[in-house]
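Chain nomenclature is as follows: A, B, C, D and E, assigned in order of appearance, with residue numbering initiated at 1 for each chain independently.
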Amino acid sequence: MPITSTVQSILRNYEGETPGVKAQLVRMLMQGRLGGTGRMVILPVDQGFEHGPARSFAVNPAAYDPHYHYQLALDAGLSAYAAPLGPLEAGADTFAGQIPLILKVNSANSLLPSNMPKTQAITATVDDALRLGCAAIGFTIYPGSSMSLEMFEDIAEMRKEAALKGVATVIWSYPRGEDLDSKGETAVDVTAYAAHIAALLGAHVIKVKLPSDHVSQAEAKKVYDAQKIDVSSQAARVRHVVQACLGGRRIVVFSGGAAKGEDSVIQDARDIQAGGGNGSIIGRNVFQRPRAEALALLDQLVSIYKQR
Amino acid sequence: MPITSTVQSILRNYEGETPGVKAQLVRMLMQGRLGGTGRMVILPVDQGFEHGPARSFAVNPAAYDPHYHYQLALDAGLSAYAAPLGPLEAGADTFAGQIPLILKVNSANSLLPSNMPKTQAITATVDDALRLGCAAIGFTIYPGSSMSLEMFEDIAEMRKEAALKGVATVIWSYPRGEDLDSKGETAVDVTAYAAHIAALLGAHVIKVKLPSDHVSQAEAKKVYDAQKIDVSSQAARVRHVVQACLGGRRIVVFSGGAAKGEDSVIQDARDIQAGGGNGSIIGRNVFQRPRAEALALLDQLVSIYKQR
Amino acid sequence: MPITSTVQSILRNYEGETPGVKAQLVRMLMQGRLGGTGRMVILPVDQGFEHGPARSFAVNPAAYDPHYHYQLALDAGLSAYAAPLGPLEAGADTFAGQIPLILKVNSANSLLPSNMPKTQAITATVDDALRLGCAAIGFTIYPGSSMSLEMFEDIAEMRKEAALKGVATVIWSYPRGEDLDSKGETAVDVTAYAAHIAALLGAHVIKVKLPSDHVSQAEAKKVYDAQKIDVSSQAARVRHVVQACLGGRRIVVFSGGAAKGEDSVIQDARDIQAGGGNGSIIGRNVFQRPRAEALALLDQLVSIYKQR
Amino acid sequence: MPITSTVQSILRNYEGETPGVKAQLVRMLMQGRLGGTGRMVILPVDQGFEHGPARSFAVNPAAYDPHYHYQLALDAGLSAYAAPLGPLEAGADTFAGQIPLILKVNSANSLLPSNMPKTQAITATVDDALRLGCAAIGFTIYPGSSMSLEMFEDIAEMRKEAALKGVATVIWSYPRGEDLDSKGETAVDVTAYAAHIAALLGAHVIKVKLPSDHVSQAEAKKVYDAQKIDVSSQAARVRHVVQACLGGRRIVVFSGGAAKGEDSVIQDARDIQAGGGNGSIIGRNVFQRPRAEALALLDQLVSIYKQR
Amino acid sequence: MPITSTVQSILRNYEGETPGVKAQLVRMLMQGRLGGTGRMVILPVDQGFEHGPARSFAVNPAAYDPHYHYQLALDAGLSAYAAPLGPLEAGADTFAGQIPLILKVNSANSLLPSNMPKTQAITATVDDALRLGCAAIGFTIYPGSSMSLEMFEDIAEMRKEAALKGVATVIWSYPRGEDLDSKGETAVDVTAYAAHIAALLGAHVIKVKLPSDHVSQAEAKKVYDAQKIDVSSQAARVRHVVQACLGGRRIVVFSGGAAKGEDSVIQDARDIQAGGGNGSIIGRNVFQRPRAEALALLDQLVSIYKQR
């Protein structure tokens, strides 16, 4: 299938990249109902690692089974399915080649002592991604953490290896650290900075949370005020974050966080679309709903992103 | 010997895995008196490392000799024998090929300063397992410890190497850490979380302790209450833990802890069987009894697990 | 194009170096409007990493796009363009071979906890530099930091690898550390010491900040007084720093820091020229001005450095 | 020379071991006046590292010269000579092949800050042992130290490499650590535990200090009392330690510590012999005596161990 | 040129060493005006790293240029010239093969926070030494520092690699550490201990400072008193240190420290000669004097060491 001109123009931004990586971006951008639009909806299921199995799946016990998520992503016509090693493996034969996979290669959890510096464990490798036929690796960084420099070094190494082996890199960039309060973690300046760092590190796809209109860093505040940077609406903030990713030369997707009302999820997608973001990465709001409801909600998101 | 349909259906859950690993799972699942049933009883003898030689073996001095355990596991018709490098080597020629071996590749001990963060030393390698003809490596993780992320990284690396070399991986998942009190270490939510992490890390066989009905984490408690998760009986808790292991797609065995009454050991096995667990991993309750008593007890356990 | 005698005499100082590295030095020394003069003006754009995207680019939003900087360096006839991996890649095909590139391989950021020992993350490799056709790697050291010994070890390793692979090494030497106050960080003795360390580590090009006339270390102060070392004028301080770099056998370029008045930037260049420095490395004072103003300013700098 | 049946029966305990390692054990067990008896006397000279040269050798200045120890071990008909790299090398040509050598590959010293966690530096490698024609490497572990897990990991790695290269491993197991007082360091339970750990780690020869009758760990004390473990005589304690080493399947030698009276040294050997230990490793009590006295004392030890 | 019998007898002490290393020792022992005498004078120039450029060279500005030191060492007929990577490279072509070079592969500096544990950065490698045609690597250890065990491990690794590649190893052994006061750092017992450690680590040439008559460690003091070890004269202390280096089987050279009077430098050489030391390693006392004075002083040192 020939790629669309929209996808072609996105690809042109990935200068200097290996054909293998470009092929994986094409796989994700041409997959499912959004194929060819330059937009993506990705299903990530690593909340069992982050919050534990019961908090993630008890509300919808069918979701304990990794096959459930593979099938849901397929049936909803999504762009990719992201998960840690264990669950990806558990459906690797059954669903081989049916949907692009993102192997989440590092993870944190809620059993860790609360006063530890924030970081994650690397729990899978690029070779695991190759073996399982994945399109990309997914890696979380915590800009702001005293451990962040090590995380940057790890993903820089893995990105290089992945690119040489024809695997794309998705960076989850979540500000978190000793000098950041919870308001700062979602502040627009901090979010744009975190997205920028992911782009500097060579991410092919960047994932951040939708930011608030708070500006957290004093030095940044001066500039936001002086330059009258518009962060008043969510769409404007999406646009600001996208601009911070090499002037819009990188794919940026946004997550919305904990399960919430359907209206809110849909409004987020409208704002991402309006602000020029490339789509949603949406987990709990999908698999913690009954399957029929989840499919209906995803159908609405896809419809929004299909609009020009 | 052709494998049974029960074993075949277990194997089908190990999608994407190397034939070498599947062959090792078959070796353990087809071994001994439980061969073909999908159930296992494993004899682990690493208590000398954990508690010292006298506390482990003085009550039954024949057990100082590693040959004793090899012979006991064989005579009782068990599924596998697990031990550290030294004792496995000490019978490696005499018992070569007679019973599947699990090389315990990391260990802690009771001489360590009590205020150290909880972790273990890696004392053997995958190549040691190959050289000794082992079916699997065994690795302990301490979810909750400030050292746990390093442990996860170590086993992720070793698991990958082992799988490529046709060796299976058994993870002992024991919650332990700065924010966990002793009640939390055996809480049902924490145990299910720990088992889930082992599954996410790619364990082929997961070993946890039988959990209490305590729910330890505040955020989890809300979900257990809201979703009315049944943890009232031991069988229900076993079922909950098995579900947390990729919806029942992984082999899960349970340990019972310190030496205790025969009735209690037998009741544990009945509950594991009733809850859909795959069996027992039982050490001190075996080798700290006189050999005849131990064989009699194991005979009862095997009989329970042979029931459909 | 045959090289000039000025460039030849600079090259002769790089005894024992690989022809590959010498070729890269020639590329930079023969590039642009200063080609052949032995002087350089380099455009570095890593402030997005250091200070965040808005503080760096909001005043001139065209600069969010990495192509902007490539084009600016080309149009101004500069000697080289330096940036981290992401932005270099983003123009790697469009501008391939048009201007020497310096891949900045380590970076710090302003989200880090303020009480962390000062260091940077290594975010790219020598092989990345090769793949992107770069003339050099750029590496920051923080002499004075408790992490500085590790930074020295890292750049010593990378320099060796780079030289063997025909890539030159530029060291950004910025004093920073637990025993240094902000006055000490720019003191002339400390700056000369930092430049000297870069030279001892094998840097081919050394970048330091223009120092003040403050002498910070007590033991050094005695010598500066006793030997009547002239640090009264900025030109004299430049000369002193150049002398500290193996008696003038290494290329030394100077940066001026935050955006400031045009007159000040020009005076700095005159002093560098008068003191025998090899040129300027100038970022914010260029890209935070409108493009036309920036080109005019660079034109003046180039004219100064073209004077004999 | 054919080996004796005693040596043959010892060798049979080293199941699963490489023929290379077995050959080295034969070399040591067939060497000198105790050749073939299954007993050993080893001369270790690493006290210069531990205590400094003057404290070790000034009382007998001939001992400053490494040749002195080679010659002494030869003339006394001992089983092996153990030392760090420097002194072994200094006689490596002169004495090549005349006596089995044990290369001590890690060492501590008395200049270290007293409040440091107890550990040693690895100062030689398995390849050094090969190059110098050594029969074994010697490695000290400090069970009880917060650094002990790293020491275990280091020796596990080195042991594996050594065995594959046909070099045996001797572990010096010295309890030392933050929670151990000096009485605990030589307690019989702790010593047996330390010897057990060495055996679990795969040591071919285990060296511990002769323990006192003190039982240090509270949990162990209960078992020693309940099981009425006999630790009243030194011979009984030796027997207990030997049993803790895989039920007597490993060679165990004992050291006596600082220089002391001849009677005491001889009594120790009698107790080791009576308790079924494999011999003595004796340093300061030998080389801090005049050569003639040392030879006379060693002659008595050898005579004791030659008794059946 | 055939070597002298004096050099031959020194070489015979380097048993078990590679012919490549022996050839490098011959190069240094046969070089210059002391060639064949078994004595050495070495010019070390790493004070720029240690103290900064102005404190090192401002008193004699010609010394900023690395060529100055090459030429001085040559003109004075010295045995070798030692320096870090940068300055050695800067004359590597001009002076290739004219004088044996020692590449100083680790270095400290005076900008470090004063409360850091004492250690150095490794700033060059054995392969750098090979590439530059060096006879030896030079490595500083700080016995007594909490970082010393890591330093020992590093030099043990590098020494092994160097020896296999035919490069000799010179160890600068400088006691320094948390439990050592400044009097202890130069105490005779501590100096002899530090020299002994260097020998145990396999150094081919050992460099220590001339010690005072202070005995610092309480346990050592007892032995110095009991054994009436003569440390009353500087010559006696030199003899004691040489004895501590494997009974005189290693080359030992002494440094005198900061610039001082000519008479004192000459007296030091006389004492080293009288005590059986192998010579001087002398930096600031040479290059901080005017060239003519320095040559005259070196002429006197050489004359002293030429005496039998």
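Quick note on the criterion: contacts are C-beta pairs under 8 Å (C-beta built on N, C-alpha and C of every residue); 3 or more make two chains touch, one makes a residue touch a chain.
Just so you know, these numbers come straight off a predicted model, no measurement behind them.
Asker: In terms of touching chains, how many steps apart are chain B and chain C, taking the shortest path?
Answerer: Step count on the best path from chain B to chain C: 2.
Asker: Find the geometric centre of each of chain C and chain E from their Cα atoms only, then give the gap between the two centres in Å, rounded to an integer.
Answerer: Measuring from centre to centre gives 36 Å for this pair.
Asker: Take the average of all CA coordinates in chain A, do the same for chain E, and state the distance between these two points in whole angstrom.
Answerer: Using C-alpha averages as centres, the distance is 58 Å.
Asker: By the touch rule stated above, which residues of chain E touch at least two different other chains?
Answerer: none
Asker: Linking chains that touch, what shape results: line, ring, star, complete or other?
Answerer: Ring.
Asker: In which sequence are the chains arranged about the ring, given a start at chain A and a first step to chain C?
Answerer: If we begin at chain A and move toward chain C, the chains come in the order A, C, E, D, B.
Asker: Quick check: in the complex, which residue numbers of chain D touch chain E?
Answerer: Those residues of chain D that touch chain E are 48-49, 51-55, 58-59, 61, 64-68, 84-94, 107-116, 119-125, 127-128, 131-132.
Asker: Please name which positions on chain D make contact with chain B in the complex.
Answerer: It is residues 13-17, 143-146, 148-150, 152-153, 156-157, 160, 175, 177-180, 189-190, 192-194, 196-197, 199-203, 217, 219-220, 223-224, 226-227, 229, 240, 243-244, 246-249 of chain D that touch chain B.
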